[in-house]
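You will see two complexes here that share chain A, one where it goes with chain B and one where it goes with chain C.
Coming up: the complex of A and B.
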């Protein structure tokens, strides 16, 4: 119940933030942290809670992003209608990828490679067809207004990111307090043991990758609404996969608040290095890498692991 | 309770189990013994759905279960433990057992409470909030047993739950196993510790080189010539007999 209260406090604090802070930079920073939390939590549900390490979560992100853009631009759907469709398509992509790879018992690095391969295939496909704008990408027409899910100020995006991130946090909380969550953890720790105890590991993993894919797609849809542009590399490239897994791993895999903590640290550091090392482009990436190495060496259970104490 | 007929499986050219037929009577403790590499664990794997036999059938309470997945077999009331204990190491003992309890209990609180009750049955109450990784070998064996019991099975397959325990720990486990039988759960166990087999088992099957070579009461099979030869080598039975005759 304590973590549920923490989620409520977070929602309240962020929700009231625009009343006290008017700086677009600050609100934009919080928005991006929440967006990174959503991506991290999406990865965390499958990788942290389920132990299936994906290296190609961009496949879901890109599917959500392109679905959002294509549905609006080619089919004339309203953004509010396109959003649930994009999320659902991400879930479907998760189910399909999961059914394929779990059916054949792919685990560990093999599963990671397959997800990476799928992301690459989709990147090439998106790069090829005019339908997705090919290499040029898709530019979402500017139509500001809440009805179009486009906002003139940061506040609107802040609330959208907050809503999506909260859903992902609540799902993670539910995993900690439900039979399904116990089954998922059992499958993560030992699939054979879980099967002997009556757990249908295949189905459990399939649900996890479906939810994970749907949340990741929500992140992609948010990206399109916020930046009005998507291209194959942004959608299906490796950076987005890495961003998702990084905030989860640094924050603490298999914890409710790990992705949030990881997102705060990564984006905080990103801002710092960008401002102080602006003369050396790429320096923030070096910091990213160094940090990951340090955390894996000294905090194998992430930042959240420090708070949980020794167990 | 359980009837296997003509089970066979080969790994490459090796016939691990060939044409094994056996029955496990309900409400009793039945043991499966045999020398190392006889195929005992493989036979368990075939019966519980972890391995798919090349041929043969398995019936649980008259229902054909060959080809069913382990989790489905578990739902029908048969579960197993592993020779090499496989706890959910990151989780506490309570959480470990609750996974088993969740088979029939949907609520998290109720499952955790059920886990506590099962822990009491196998003597793990003091360790309930320890991570499974911190348990001793004896503790892990108990945990393996507890998780399986939490699924409320009618038949439980125990793969060497006494292996690696010292004599005192074996002595402590025997009443626990007997208690499981007394609560109405049929027990089918692979066991190397003969003290336990002689003490517990009401019926014994002997497996050697993938074939069942003897069956009967514990006292009968240990004096069976084929069994002695399987354990001690070809010709041993005749030599022992000759030595006994010469005095």
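Coming up: the complex of A and C.
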């Protein structure tokens, strides 16, 4: 119950923030942290709670982003109608990829490789067809207004990101307290023993990757609404996969608040390095890479592991 | 991704001469792919880890060859006796200093560590060398040889035979030396190897070093016909993974045949489908093999 209360406090605090803070920079920072929390939690549900490390989560992000852009631009759908479609498509992509990989018993590094390959196939496809704007990408027309899910100020995006991140946090909380979550943990810790005890490992993993894909797609849809642009590299490139897994691992895999902590650290660090190292490309990512190595070397349970004590 | 290849106009119908040239070209590229994949498969066979930093390490080796040429005027082929030991030492140190310490004995951790290393190396290169694509000019860069009517670039021919020679040396080391025997022992049964007095940690680090040394050689053969930029490793790493999975993780013969196969598929696929879509052939093969035959075409172990 304590973590449920923490989620409520978080929602309240962020929800009231625009009443006290008017700085667009601050609100923008909080928005990006919540967005990174959403991506991290999406990865965490499959990688942290389920033990299936994906190196190509961009495949779901890109699916959500392109669905959002294509449905609005090619089919004239309203953004509010396109959002649930994009999320559902991300879930479908998750189910399909999961059904293929888990049916054939791909685990560990094999699973990481196959997700990476799928992301790469989709990147090349999006880069090739005019339907997705090919290499040029898609530019969402600017139509500000809540009815179009586009906002003139940061506050609107802040609330959208807060809503999506809260859903992901609530699902992670449910994983900690439900029978299904216990099955997923059992599959992560020892799939063969779990199966021997009657857990349907295939179905349990399939649910995890479906939810994970849907949440990641929600992140992609949010990205399109916020930045009005998507191209194959942004959608299906390695950086987005890395961002998702970094915040989950740095914050603490398999914990409810790990991705949030990781997102705060990553984006805080990003702001610091942006200011001190000017805008030299690469510098901040070197630090992220080093952080990943150091965390695994010295704090394999992430930042959240510090608070939880010995289990 | 292969910007050095000329954009062929799509052929109205398949001319056997063009197809033949395309297959030959694929075989020469495939030899270098095989060399890169051999390093990866050796590391996998012994350590049971997938080295995600393999592409980044190749990129560093390519920069090494580039700067030896630009600053010291060394021909890429003359750089071989410098780059191979340098990459070996780097690999040995990287394993001992970082990977062995950080893994806590869990394979998943090594996966993430090598991913972190590749992010670091790639972006350090971006920071120091900028994102420019660099090439070198040698007297033989543009010369070609005529093989039954197909024009093949001289650097590609050298790469073909150089990669084959390096592979032969590697197979001799693994098959005939006492180090090779120790490596094979550790690959089969690491507890047993430890019991008979093999220094397993040393052998692991040696294997990692040899794996990267292959990249040092590959870089020397590649650069005269290729280019280097901070992202160059990404293209190779997925191809190398495909070859290793295709040939069977840990299988040397599989890596060799897989390398040639992928080289030809890429070359012919690019001819038939155009450059951008041609790459898909590789990934489709990769996914199909992973799904239906993850032990690979020649691998015994799943």
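In this text, the second predicted complex is superposed on the first by the 308 of 311 C-alpha atoms of A that agree within 3 Å, B and C clash if a C-alpha of one lies under 4 Å from a C-alpha of the other, contacts with A are read in each partner's own complex, and residues count from 1 in each chain.
By our rule, contacts are C-beta pairs under 8 Å (C-beta built on N, C-alpha and C of every residue); 3 or more make two chains touch, one makes a residue touch a chain.
Everything numeric in this text was worked out from a predicted model, so none of it was measured.
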Quick check on the superposition: with chain A as the shared anchor, is it clash or fit for chain B versus chain C? fit
Once chain A of both complexes is superposed, is A:283 in touch with chain B (first), chain C (second), both, or neither? second
Between chain B and chain C, which makes contact with more of the residues in chain A? C
In degrees, to the nearest 10, note the angle that opens at the C-alpha centre of chain A toward the centres of chain B and chain C. 80
Return first, second, both or neither, reflecting whether A:114 touches chain B, chain C, both chains, or no partner chain. second
Using the touch definition from the top, say if A:78 reaches chain B (first), chain C (second), both or neither. neither
Name the contact category of A:127: first (chain B only), second (chain C only), both, or neither. second
Report for A:186: first if it touches chain B alone, second if chain C alone, otherwise both or neither. first
Is A:194 touching the first partner chain B, the second partner chain C, both, or neither of them? first
On the A-aligned overlay, A:143 touches which partner chain: chain B = first, chain C = second, or both, or neither? neither
Would you check which partner chain A:22 touches, where first means chain B only, second means chain C only, and both and neither mean what they say? neither
Overlay on shared chain A, then closest C-alpha pair between chain B and chain C (Å): 11
Under the definition above, what is the set of chain A residues touching chain C in their complex? 51, 53, 55, 100-101, 104-106, 108-110, 112-114, 116-118, 120-121, 124-125, 127-128, 238, 242, 245, 249, 280-283, 285-286, 288-293, 296-297, 300
Listed in rising order, chain B residues that touch chain A in their complex are 48, 50, 69-72, 74-75, 79-82, 86-91, 95, 98-100, 102-103, 105-108, 111, 131, 147-148, 150-151
For chain A, which residues are in contact with chain B within the complex? 177-179, 182-183, 185-186, 189-190, 192-201, 311
Sort out for me which residues of chain C touch chain A in the complex. 49-50, 52, 98, 101-102, 104, 107-109, 111-113, 115-127, 131, 230, 234, 238, 241-242, 245, 276-277, 279-280, 283-284, 286-287, 290-292, 294
